[in-house]
């Protein structure tokens, strides 16, 4: 069952990713990306990270991608149009070779050394919201707080950038 | 080296004029002119009074203990280098202090009249007071560095006062020239001091200041191996300050300053600082016959050299200036032959009669509406009676007519030169004495005899100077007559009091210094003969000068045209020494600095080739690299990808 | 064939390379941002894999951090894009050469 | 107050930084910015007075030490301390700070807030550099100085300000990079960044030579030593007045301070090998700077080249390796900071009025501006080393120290050549003065010049007072520096007795021949 789910979700993710890149229209790309993210949530679930999987759907596929779609809709015209011209064929190898090289490398590595399995047994409740929450508000409290500040700054920053004609309260 | 009596009055002798200078300088316009002038005179007068008080106290002491000190504070104390801010007065500095403050006071009073209508009245008196302060620091400084402080201070005041009327380009240039030439001398002075310091410092006991005169004298044997070098270096300093060959060139130009300044600084006091310094360092000079010989030779050469130039000058102050240079040569000559006391004696008498001559010439200039060219003077004898009589006294004194002050000092110098076996130097000195008499009489003749050659308007304004100016003249005239009587030599039945007074200071000098005199026969007959000869020679010079320039002007004209006028032109142009210095040092130096160093090395080589060259190299590399900086985000991303890939590959193959 | 750790990692690598390539190839700034999100998701998978391998929940916490970063990045990035679009009427990066010089 | 006095160095260093941050964030109006900056600078000066009066390290050791682990578990520390040498330079910095701000009161009208903030930021970096006893911390402060100076020249400078700023930046950066490499190398050897750890290293001769070269390059550029000086005239000419004053007054001393604090004690073998070269370059710098200053048509450039000359004296004093020469060098740093700082301020005064610095544009200024002429005269005399003013003591000690140096090859020749700089100094200064102030007032544009204002007097008079004060009472500096100099020079182990052998033993009464030349008498150092 796990095997099937992995191949299913994995294939869906790769497909989603490829379609995101290939599709000309930004809207279609975004939709494919949501597809990939939902599949990623499946992968997380398979990796015993249920809480993360849920958040992946809620935050990523939900909130962030909605934001993207929102902006695309807001900007309308040019964004919805496809890209005007394709890349010059002469440059294709330049783009393709590095990732392919990495893939070849990975392939040879696996051929040489085989695969590695998960060995460590997992405690009960691993990856559950309770477990993650304990860590988040315990061991990683400082990081948690810092990230909250980062988010706050991002909010203010986005506001400052987006506000029209610099009508900011402090200017 | 014994414990010296403490005398806290010394500091007030020095500081009183400084106080005056500070008050006048700071309050400036808020101070009424009268108050400023009187304050300046009062502070110098106070200095003089205190000097007299200390002098009298000194008389009451036994000769061996006539050294009073007053240490104010430690100035520099680092490791075993100690320099104190302190003053000391012994017989030598007592003489100098009395002369400086006394003559200084008279000249201050004189200036009240002379500068009465000048805009810079207050500034003038502030500078003048500052000068007295510096000069007293020089004279009373407890150590060589304090002396140097005063030395530089008087140089500064000289600079300020020469360029006092800074409107005129010439005045400003002359002031700068004086300062710079003095600085060249200071270069030698500094190195001499360093040599002393480095030699003595390793051997000092704690608390001994290396530059203290007493300490140096105590350790004089240590200095013996380097005495010649020190002596010559210090003498370079003295040639600057006391206007000896080759650094005399600033003094004649310095006459651009107000006349009281010429009298005080460039005749009576500051220029004798070099002589004072050498006399002060006598314990060192007696260790080095070579340096002494150089001092004597340079002194004699300067005496005759400046004397010849004075023959052909037309500016009344320039004549006096060259005469000063010449007289300073005499003083150096005296020091060089070991007769330090005579050098100082001449410093004193010269201060009287030369100050007198300058002040009197100032009176003439004042009367002539600031005209200084003797060719348009003449016949002033009747219109300026006081000036005329006092000027005559000064002339007779400088010519060495018995029994005026100049006779005793000059005669003694010549005698000591003769008796130390330096016949050549004696001949030079003797010739120069005749020259002095001749050109001084030329000056008198052109100025006071004959008919007045000035324009109608100027002639109309000729008047005798006010009392503030004439009273100092009279006092100085009296001093020029009687000033020499303190040193009537033994062979004339005098007590040679002056020499005996200074004896403790020059004790070392007399023991070892007058090497020639030690085996010379002390022949009073010879002394009489020489004295008679020099008086006769002087009178001859005077008569000749009077006859040629009052009665037989045609002879003078013939002299001028002698050999196509070439010798005269050379003299008139001061042997072209200024031009030679200009061509040899100043212009090439300027051109070197400008074209080679600045434009060549700085802008061309370093900046052009190295700095901008490397910048160019960077620019070439950068222009290649800029192909990559094309502003395309995607290109950047691709670059990162490639880099990352290479990195991953490297990692996996290396590990 | 049993699904091992390697499978997951290769999957993550594939996703990452896809995102990376997309970032280079696409000209539309919004799509480029989406590609960045894709790469971030790939790294999240790696985190999850190693959290599973070491039985350490720290990896999950890190994924959450990454979410926050991704959100912030998206917010700022999109805000900038909107601003650029207002001024330049385009979001095509080839037309945006202000970075040059 | 103890919360201040317990961390006095941190307060002194970071108060200006705090001030600059507040300027950027809180203060809005220009006139407020001026007053605020002045208040901060004055407060910093007052704080530093605490150091001045409380410093009494009898052995010249560090005091007021603050050490907090910073990175890598204490291998790199936040380590500030103050000894006599740091102390006097810090006092110079904090003293010039308020004056500089006051001098920019009216001269700067654009972006006043930023300007003041830059000045305060710069001050913090300079103070940190003097206090740092951890090499990384030192390097951070050292580089931090570049940033505000770069902007001060680049934003508020003259016509060619960009060229000058970039030139300044690149010159100093090139040197610093080599120094950074050397610092890192030593860090791995010593296992920590502490200065005392570096001092404890026992390096091979070859290594020392390379490291010394790297350090000295950075410092020599900063000083600047001939032939690395060409950035200086450009930077000075283009920099605004306050920038020039700080640059000449303090920044250049970073180079000589670095030599004394780091390069010389760390690498005795390097010093031994390079001292002849450095002293020759110093002497060339003295004469060369003076000669080139002579022909400058621009006052500011003239003063800039005179700095090259004066700092040549400092370098010469340091590499004489005698306590006297080194202490003289430190004293000269102060004197130069006062006199050249004042000269730049004076140039700024006339530039504000006439917007030109060509000497030929002036002449006869003494008529219209007697007060200005007087202050200029005093400053100039201090600069040429007239006794009684600050310049003399330093030069005297340097030359005397060099004259008696045992390590240089021809100490007397070098001294003689260096002393010609004294003569040349008088020439170029007096000539400039004569052309500017004397003569008739010919240029119509100078007809209506105002004399110094009260504010300008307030800027200049403290400097003038200290020129006199240091000239007459140098002891207040020398006493604080003396023991620290001995301490810094200790690793160099200079053979003490120089020329004692030159003298016949009998003249000395025997026995005293090997007494050291410059010894600190017992007890005297503890005054």
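Lettered A, B, C and D in written order, each chain numbered from 1.
Keep this in mind: a contact is a pair of C-beta atoms (placed from the backbone, for glycine too) under 8 Å apart; a residue touches a chain by one contact, two chains touch by 3 or more.
What you see is a predicted model, and the numbers here were worked out from it, not measured in a lab.
Across the assembly, the mean Cα position most removed from that of chain C is the one of B. Chain C and chain D, compared by their mean Cα positions, are separated by 52 Å.
Chain A and chain B, compared by their mean Cα positions, are separated by 92 Å. Chain A and chain C have centres, each the mean of its CA atoms, that are 6 Å apart. Remark: chain A and chain D have CA centroids separated by 57 Å (rounded to whole angstrom). Shown for chain B are the residues in touch with two or more other chains, namely 638, 641.
Counting partner chains per residue, chain A has residues 95, 99, 102 touching two or more of them.
Contact with two or more other chains is made by residues 20, 24-27 of chain C.
Checking each pair of chains for touch leaves A-B, A-C, B-C, B-D. On the chain D side of its complex with chain B, the touching residues are 167, 170-171, 227, 230-231, 233, 288, 291-292, 294-296, 323-324, 327, 364, 366, 381, 386-388, 392-393, 396-397, 399-400, 403-404, 412, 415-416, 419-420, 422-423, 426-427, 430-431, 434, 437-440, 472-475, 478-479, 482, 497-500, 502-504, 507-508, 512, 515-521, 524. Taken together, the chain B residues at the contact with chain D in this complex read 73-81, 85, 145, 148-149, 152-153, 156, 159, 163, 166-169, 171-173, 175-176, 179-180, 183-184, 186-187, 190-191, 193-195, 197-199, 201-203, 206, 221-222, 224-225, 589-590, 592-594, 597-598, 601-602, 606-607, 610-611, 615.
By the touch criterion stated above, chain A contacts chain C in their complex at residues 2-3, 6-7, 10, 13-14, 17-18, 20-21, 26, 29-30, 33, 36-37, 40, 43-44, 46-49, 51-52, 55-56, 59-60, 63-64, 67-68, 71-72, 74-75, 78-79, 83-84, 87, 95-96, 99, 102-103, 106, 110, 115-123, 126-127, 131-132, 134-136, 139-140, 143-144, 147-148, 150-151, 153-155, 157-159, 161-162, 164. Of all residues in chain C, those touching chain A in their complex are 1-8, 10-11, 13-15, 17-22, 24-28, 30-31, 33-35, 37-38, 41, 44-45, 48-49, 51-55, 57-58, 60-61, 63-65, 67-76, 78-83, 85-86, 89-92. The residues of chain B lying in touch with chain A in their complex are 638, 641-642, 644-645, 648-649, 652.
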